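Okay, so subunit A shows up in both of these, paired with subunit B first and subunit C after.
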Partner chain A sequence: MDNLRPLSTTQGVLYGADGSARFHMGSTSVLVSVNGPQSQGLGMRDEQEDRAILDISHIPISGTAGVADKHMEECIRTTFESAILLGYHPRTMIQVIAQTIKDDGGLLAASINATTMALMDAGIPMTAIVAAVTCMVEKETGAILVDQTAESLERAKSIHTFAISSARGNSPDPNVLLLHSLGLFTESELSHCQEAAVGATDAIFAFMRKAVSKKIEKGHQQDGDMQED
Partner chain B sequence: MQVSTNEREFVLEALRSGIRVDGRKPLGLRTVDIDIGADYGHVNVRLGKTQAMVQVMAEIVAPYPDRPTEGQVIIHSELSPMATRNESIKSAETELTINRMLERIIRKSRAIETEGLCIVAGHKVWRIVINIHFLDNDGNLLDAACIGVMAALLHFRRPDVTVIGQEVTVHTIEERNPVALSINHVPICVSFAFLDDGQHPVLDPTLLEEQLCEGDMMIAVNAHREICAIQKAGGLGMETSQLMLCTTVALEKGQEITEMIQKALAEAKTKML
Partner chain C sequence: MQVSFSAPRAAPPVTVHHGDMDMDTDQTHIVTPGESITSDMQYMRGHGTRLDESSDPPILTSTLAGHVSRVNKLVSVKPLKARYTGDIGDIVVGRIVDVGQKRWKVDIGSKGDAVLQLSSINLPGGVQRRKLESDEKQMRTFFAEGDVLVAEVQSFFADGVCNLHTRSLNFCKLRNGSFVVVPPRLIQRTRSHFHSLPCGVDVILGLNGYVWVSKTVRKGGRHNETKVGLDEDAVDAEMVYSNKNEASAINKDERLAVARVCNCIAALAHEFKYINDTIIVYAYEASLAYPDVQDLLKLNVMEHITREAYEQMKNA
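Our next item is the complex of A and B:
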């Protein structure tokens, strides 16, 4: 946990949503609400006869959703389409709304982590949980750094967001659901980043499991939060 | 979602005995929770289960040609699907009403001194952008937003600037302490809903009460006992005596809420030190 910023999460923060969660990675913070599986808001043309569809909205703190947000929506959607058992709820929609609270670097990763917590809070069936982290290669030193602030990310030569599934199956290799890269990088740099990301996401999985256990222990439907340094 | 007849009758019966479904008296306000964020101008407000988040930002822009010495105030309040739950027609109306009311309460009533936002007359002024996100809707989004906006504006600090002729230097937080906005007065919005054929006005309606009401009224007041804005658009015709009663209640509640905001800001300040 020493290379990740302080993590903090709270589930069940909204009354109006089926499931919700806040996830903080350092100062970066995202609030996600999940509704569904539902038929409300689903157009006739959109529904699929054999599975649920995922509708993702990513809302920035200021202004209207722009290209960056639309891109993050796509990333989140494709990531979770692999993890959610969509076939269990045909002809329905699972609506995920991610609201940026503060962006201090690693927004996509925080959004994905918050989405995992919110989906669990909503009781959406999944084959595995998903953890994400941002990894960068520093321009000057070539150092591989994980979960950096916005200021630190300015000094990156390349930035990679990894979303990794908790399901390993029989293989020791990690199941990478999403790899989003920016900048120039070598194969070896990417390989090192992946190694670092796997270590970090293992820590995030442990943190998520602890958070959910604590919530169940407390026995409250609407209340359960955990902080870890 | 339509409200069932049973629910409707239950709400009205309860009101006739002087109590609301959540246990409040008709003119009772829900618990107000003002959470001042770590960043300047970031506030999270809860009014019962209703939740709104406000973020104030500032940028330097060219002034409007017909107002060369005035800064600008932009209010950006969109109803995200988090609050609307896909009820498209109703939410479009609600969004418009909220935005219009906030414009009147905050901009038109000149809560922020825009002349104080001028940097170089005719060339550069501050534009204050107020972003409002509705996170949870259990009724009365407008009042929650208004509390959040005023708290955020009072909390916000813009960067300090030095002007030499036409040259503008914007100082970072490390160089110079950021500067508070010049707030003329603090308008607070207090909303009422009229139920049971107008016999029972309720303060700070929940979502259920909003869905059942036959008319509504929003009154914006400030600590100087001035009325900044009133909106009673359509709906049931109300007797003037009822409206005067609502105004009196609004002035009182407005005072209470202003004190809550000041208290929250003072607490946040001591926490920072």
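Our next item is the complex of A and C:
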């Protein structure tokens, strides 16, 4: 997909965490660490008997998390609750910490993409991978634009962030896990945005799969031939 | 402070597979969550796989990012790294995180903390001794928070929590050394996990990926092979729960040897090689080309000693 800003990602960037990843969409960049499934700390008693709980923290560039960050945490949590197989690890917690490195538009989408990469790195079972992208409808022209910079988002009539699961089954419709919209828009504008988002997330899926395969192939080559001895 | 930079390495070429794969070839298949493995229903679903019933016909999909392994009809996906899942009889190295009523909680790097019960340790005064109320009150004198120990997985509770025991002379509190963490996948199950290396260093390879590297202790402790019977228990028990390093101070050379072995293990883990006593010895020998132990933290040196050790391993 040519409309996307350049993507780049690195897995396993943090040594202390079970899984971690950095994800760049253009100059927007997020670093995510995943710990778990693990037992919760002492005194924390909101564990669930039949599933793992997701504990998400979204940390801004400076200062403490505000309302916007709390809102993003909630968006990320609901998105991944439907993608992670939480029932596999009852009475545990999966902790996700997303640190904003730079926000140049589409921060929520970058956080979701980084979380997907970090969860894969941590070996957390999921039904599918999740990719997200921000679309906007331009005020002047009414054009649908994908993955824009903060400067360009200023000119938007409405902004929509889609998180889409790679598992579609046999249904022709995309499996949208999250839709986060700002501004005024019509139904047809939204459906056009969704079409654009589906195209963009397909490109992101391909990118993620390639990045992960590269890492696993390398690791597997290194220990694989030793196993034969 | 000395700072050094090394150039990045080129990544090996990659082939990506998609869709229904041919299960009969020996090729490595790499899958990501949600990717289909096969629609052939004759296969059994192993770890890391899931039957996607929403599609028609149902397909076997992966839930992890890893490579597909097939043993006869059992298909599973093995991730590069995952948390340790215990098995009964595993030797693990762990750290005490909490002292409770009649039990300790031990971090063994698995999903939840493991439990070590007061009734599953050897107390001073011999194996046959009964546990008294006074023992319960002085549990911290046996193991306190932060202590590192080696134990065996005895059983699992109904909720999957791991139950450890240290009722053998091999299992004890660990002293005189350093702690290294490697991915659990790199430690293979072997006959023994306690190794005495020729360089005067002992290594305990916990199956949970926790490794203890220490100076070889000759007097008392678990290395005393000559004494047998009850006498040994009595002597050991006093020693086992001591919080002090060996009486004769560990000298600089011994410390350096321990640090060198630690760095060798870290280098092998960094290069993602299986870790066993033989390859550690080879890596140690290769590392002697670098007199400064801190040199072993450099990426190119790590790569060099790992490659050398690996070549030796293949020729042996």
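Here is the rule we go by: the second predicted complex is superposed on the first by the 215 of 229 C-alpha atoms of A that agree within 3 Å, B and C clash if a C-alpha of one lies under 4 Å from a C-alpha of the other, contacts with A are read in each partner's own complex, and residues count from 1 in each chain.
Here is the rule we use: a residue touches a chain if its C-beta (ideal position, glycine included) is under 8 Å from a C-beta of that chain, and two chains touch if they have at least 3 such contacts.
Bear in mind that the values here come from a model prediction, so they are computed numbers and not experimental data.
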| item | value |
| --- | --- |
| Subunit A as common anchor, with subunit B and subunit C clashing or fitting | clash |
| Winner by number of subunit A residues touched, once subunit B and subunit C are compared | C |
| First, second, both or neither for A:Ile97, with subunit B first and subunit C second | first |
| Partner chain in contact with A:Gly169 - subunit B first, subunit C second, else both or neither | second |
| Which of subunit B and subunit C A:Ser57 touches, first, second, both or neither | first |
| Subunit B versus subunit C as contact partner of A:Pro37, first or second or both or neither | second |
| Touched partner set for A:Ala17, first subunit B, second subunit C, both or neither | first |
| Partner chain in contact with A:Lys139 - subunit B first, subunit C second, else both or neither | neither |
| Subunit C region in steric overlap with subunit B, selected from 37-45, 145-153, 181-189 or 199-207 | 145-153 |
| In the complex with subunit A, residue positions of subunit B that touch it | 38-39, 42, 49, 51, 53, 55, 57, 76, 78, 80-83, 85-86, 129, 131, 133, 135-138 |
| For the subunit C and subunit A complex, residues of the former touching the latter | 11-12, 14-16, 28, 30, 32-35, 48, 50, 52, 54-56, 61, 63-67, 79-83, 98, 111-113, 159, 185-186, 271-274, 310, 313-314 |
| List of subunit A residues in touch with subunit C within their complex | 18-19, 36-39, 42, 85, 89-92, 120-129, 165-167, 169-171, 208-210, 212-224, 226-227, 229 |
| Sites on subunit A touched by subunit B in the complex | 14-17, 27, 31, 33, 35, 40-41, 57, 59, 61-64, 95, 97, 99, 101-102 |
